[in-house]
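Heads up, the next two complexes both have chain A, just with different partners, chain B and then chain C.
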Partner chain A sequence: MAFLEIDQLSAFYGKARALSEINIDVEQGDIIAIIGANGAGKSTLLDSILNLTQTQGDIRLEEKSLTDLPRSKIVGCGVGYATERFNLFPYMSVQDNLLVGAFTARDTIEQNLSLVYKLFPRLQERKKQESGTLSGGERQMVSLGRALMTSPRLLLVDEPTIGLAPRVCVDIAAALRRLNEETGLTIVITEQNVNFATRIAKYLYVLETGKVQMSGTTDELTSNNELIEAYFGQ
Partner chain B sequence: MIQILIQGLLLSGLYALIAVGFTLIFSVGRVLNLAYASYLMVGGYIYFYVVQTQGMPKIVGMVVAVLMGCLMGMLMYRAMVKPLKGDHVAVEISTLILAVVIQAGIVLLFNDSAKILHPILPGVWHVGGATVTLNILTATVVSWLILGGLYWFVRKTHTGRAMQAVSMDAKGATVCGVDADRINLITWGISGGLGALAGVFFASYTQLSPNMWVTPLIIAVAVVIVGGIGSIVGTLIVAHIIGFMEIISTTLIAAELRGVFTMLLIIGVLIISPKGLFGREELG
Partner chain C sequence: MTGISWRHVALWAVFIIFMLLLPEMVSKGTLRTVIFANFLAIFAISWDVISGRTGYISFGHPFLIGIGAYTTAILSYRFGMPVGLSIPLAVCVTMVAGTLFFLPALRVKGSYFALVTLAFMELMYQLVQVIRPDLTGGTRGMSGVTTLARGAVNNYYLSFGLMIVIAVSMWVLMKTRFGTALSAIGMNEESVRGSGLSTTRLKLFAFMVSAMVAGLGGAFYVHYLGSIAPRALFDINFVFTIIVAVLIGGASTIVGPMLGAFFLTFLLEYLRPYLPGAERYFIYGSIALVIYMYQPKGLYEIVMQQWRKYRVVKAGET
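What follows is the complex of A and B.
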């Protein structure tokens, strides 16, 4: 049994089907990337894991079904989510944003704060600053840090590089890799930036119009001419 | 002059307490609860019933009033606001109708004649040539303590931070494991309790009557519009502006002008700065 099993998952917005019978297995300690263009269903897939959309099918974390759990319980089960638009609390300080992340993980606040500040020292420098005044890269760090404050066993990161300068993307990639190597955290990211995804992920899933079109190890797919043509423009 | 200064300070504290529950609900749930002032009416009448009809101690009357206010707030959220979620006009109309229904219920139970609430703390205090009733002094001190406590609660506790989070970004709060529905329920409970307590003090300052909810509703709306929805500090400052304006206009110009300057201030602020003088739409 895989650590995370997404089994025949379909998702809907009203009557419109956004995802069709998705099957994804993620082993513990892996980083996987779901790549695809805008509107492919990447964010919907991550939202579905948190029960933020209407779904059919099953999602299991260590064999425990998440599908019927309330969202707060899913977070309590160890699912941290850094959303695409960050969804920060703009008038709250960086530290208070992080502390909201600890809402279901109050016993591990000190150790998680120390992990976040070690990973992103800039956040410690700016811990009293309102998050609404931060740069895009810093907001991404707060978003990731806030997800880490939930004490996740599975970290979902939606388009971590969107709108960020290349230099910041490198820092974010390094932080995610370091997190995975040092803590063994399982990470699922979605990306349009295939270069970024292939740099950090072990497995890739290619999503198109709500369906998985291709999947395999990063090495397999980066030697696939069809994928190279579609996403690398070569 | 001293009399105006002291009366203004005391009245302002009471106005801040009246308004803060209203601003809490709008900030967290984005709902204009037009039945808010009926918490004040119910709080005042429950206190009257427990203390002056049943002869129980005043503190018991206050506790029962606050608990009933909490319960009423939570029931209102569960039974009316949650099912209508998303439809703001429906919520506003329903809460206004509910206020009228509650008023009719009060008339049925207590008849429509005004009732005098005994002072919570009888007596007067002479200071610098001014005379202050201990009743309004108590109301103000309690208001300040409660507002300070509420400010601390919202800023420093997990639940308070979650209330701020829900008011600023509901999805962001959800991915942190915050149950927005539960936070809304808690907020409605706190708001109901604060409203009921404010009602006890307000009724002891004025009188109990089935239409006593109208004036506090205007005060709450005025403080919130002028101060800016979501700002506890803004609420406090504007409560003082309005409190002093009322005392000055009624003392120095004419008692009939009570409320007039408050209305003019609302209109002026809506034209010049629609978000209020200190405002944003999130709690903080």
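What follows is the complex of A and C.
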């Protein structure tokens, strides 16, 4: 049994179908990346795990079904969600932004806070600064930090590099890899930036119009001419 | 709990001591103005807890204030219940009404929520006139309601005591993670949900707290005035005065609404000899607009900016 099992998952916005019968297995301690263009359904897939959309099918974390659980329970089960960086609380300090994530993991606040500051020392320097005044990369760090404050065992990260400078993308990739290596955290990332995804993920899933078109290890897919042509433009 | 320092405690202490000594320094006429400022501050704080924090703008706050005021007035005046019992009961009833007030927030947001709350106030205005006028006093309301204290000084201390207890408790409550979460809801409710928090529970608690404060304020206000009239209470100008007090002072700060309430009450009072009619409201509206355009975060932020500048200068000197 895989750590996270997504079984025949379909998602809907009203009558419109956004995902069709998705099957994904994630082993504990792995980093996987869901890649695809805009509108492929990547964010919908992560939203579905958090029960933010209307779904059919099943999602299980360590064999426990998440599909009918309220969001607070899902987060309580150990699912942390780093949404796009635009979803911060702009007039609140960096530290308060992080503490909002700590409501469901009150016993480990200090421990989680020191983990976040260790991963992103820049956030500690700016902990009293309003998050709305941070740069794009720093906001992304706050978004990741807030998800880590929930004490996750599974971290979902939605397009962490969108609109960021290449140098910042490298920093984010290094932080995620370090997090995975040091804590054994399982990470699911959605990305359009294939270079970034292949740099950190062990497995890739290619999503197109709500369906998984290709999947495999990073090595397998990066040697796949079809994928290279579609996403690397070579 | 985050961000409470000895400096905050000292500032509150200085403010309380100053206000306790105020009757020795000003006339009784001024004290009566301060009494109204105290009550406006209570109503503004109540509004701030819901609307300033969560962003659910209420145009119907007099609905909650009115329930508190009418309940204690009816119980004490019509049924002879001691005020010591009728006020807590009125607060409980207002909190139940607060739950009712909360229901639209489950489905609607923004301007729709504001309109629904306005409808609540209008409904209450019509109901108190039509349903059991023998109890509510109908369109005329009630006069001769028991007063709690006599004279400007006693009433001042009573209203100030109530205001300061409410203000400090709300200020401390908003410094907890509950307050942080409410502010977060106001900025990005979806994101709060994504962090695993039940925004429904948080909002319900905020509405109950706000209703409790509105009920307390309304109940004490009617026992200060000794009368209640639906036209004065369920009036759109009353709503705007509460909202403007919060916006001028600084929403989502607790201290801001207090500042705004005092500023507004004294502004209107000092304009009275020069502009006795409705022109006063034009002037106060203009001043509010200028302050709001200059600093949308209100007087509180203006004071804080000066304080920060002072600290920078001080640090430069040393």
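We take it that the second predicted complex is superposed on the first by the 232 of 234 C-alpha atoms of A that agree within 3 Å, B and C clash if a C-alpha of one lies under 4 Å from a C-alpha of the other, contacts with A are read in each partner's own complex, and residues count from 1 in each chain.
One rule holds for everything that comes next: a residue touches a chain if its C-beta (ideal position, glycine included) is under 8 Å from a C-beta of that chain, and two chains touch if they have at least 3 such contacts.
Here the structure is a predicted model, which is why all the values come from computation and not from measurement.
**Q** Quick check on the chain A-based superposition: chain B and chain C, clash or fit?
**A** Because the two structures are overlaid on the shared chain, the partners are seen to clash.
**Q** Is A:F103 in contact with chain B, with chain C, with both, or with neither (first, second, both, neither)?
**A** In the superposed model, A:F103 contacts both chain B and chain C.
**Q** Contact-wise, after the overlay, does A:S72 reach chain B, chain C, both or neither (first, second, both, neither)?
**A** Both: A:S72 reaches chain B and chain C.
**Q** For A:A2, is the partner it touches chain B (first), chain C (second), both, or none of the two (neither)?
**A** A:A2 contacts neither chain B nor chain C.
**Q** Touch check for A:M214: first (chain B), second (chain C), both, or neither?
**A** A:M214 contacts neither chain B nor chain C.
**Q** According to the stated criteria, A:T83 is in contact with first (chain B), second (chain C), both, or neither; which is it?
**A** Both: A:T83 reaches chain B and chain C.
**Q** Which positions of chain A sit in both the chain B and the chain C interface?
**A** Comparing the two interfaces on chain A, one with chain B and one with chain C, the shared residues are 50, 52, 70-72, 75-76, 81, 83, 87-92, 96, 99-104, 146-147, 150.
**Q** Would you mind writing out the residues of chain C in touch with chain A in their complex?
**A** That would be residues 2, 177, 180-181, 183-184, 187-188, 190-198 of chain C.
**Q** For chain A, which residues count as touching chain C in their complex?
**A** Checking each residue of chain A against chain C gives 50, 52, 70-72, 74-76, 81, 83, 87-92, 95-97, 99-104, 146-147, 150.
**Q** Quick check on the complex: what are the chain B residues that touch chain A?
**A** 158, 161-162, 164-165, 168-169, 171-179, 280, 282, 284
**Q** Going by the contact rule set out above, which residues of chain A touch chain B in the complex?
**A** For chain A paired with chain B, touching residues are 50, 52, 70-72, 75-76, 80-81, 83, 86-92, 96, 99-106, 146-147, 149-150.
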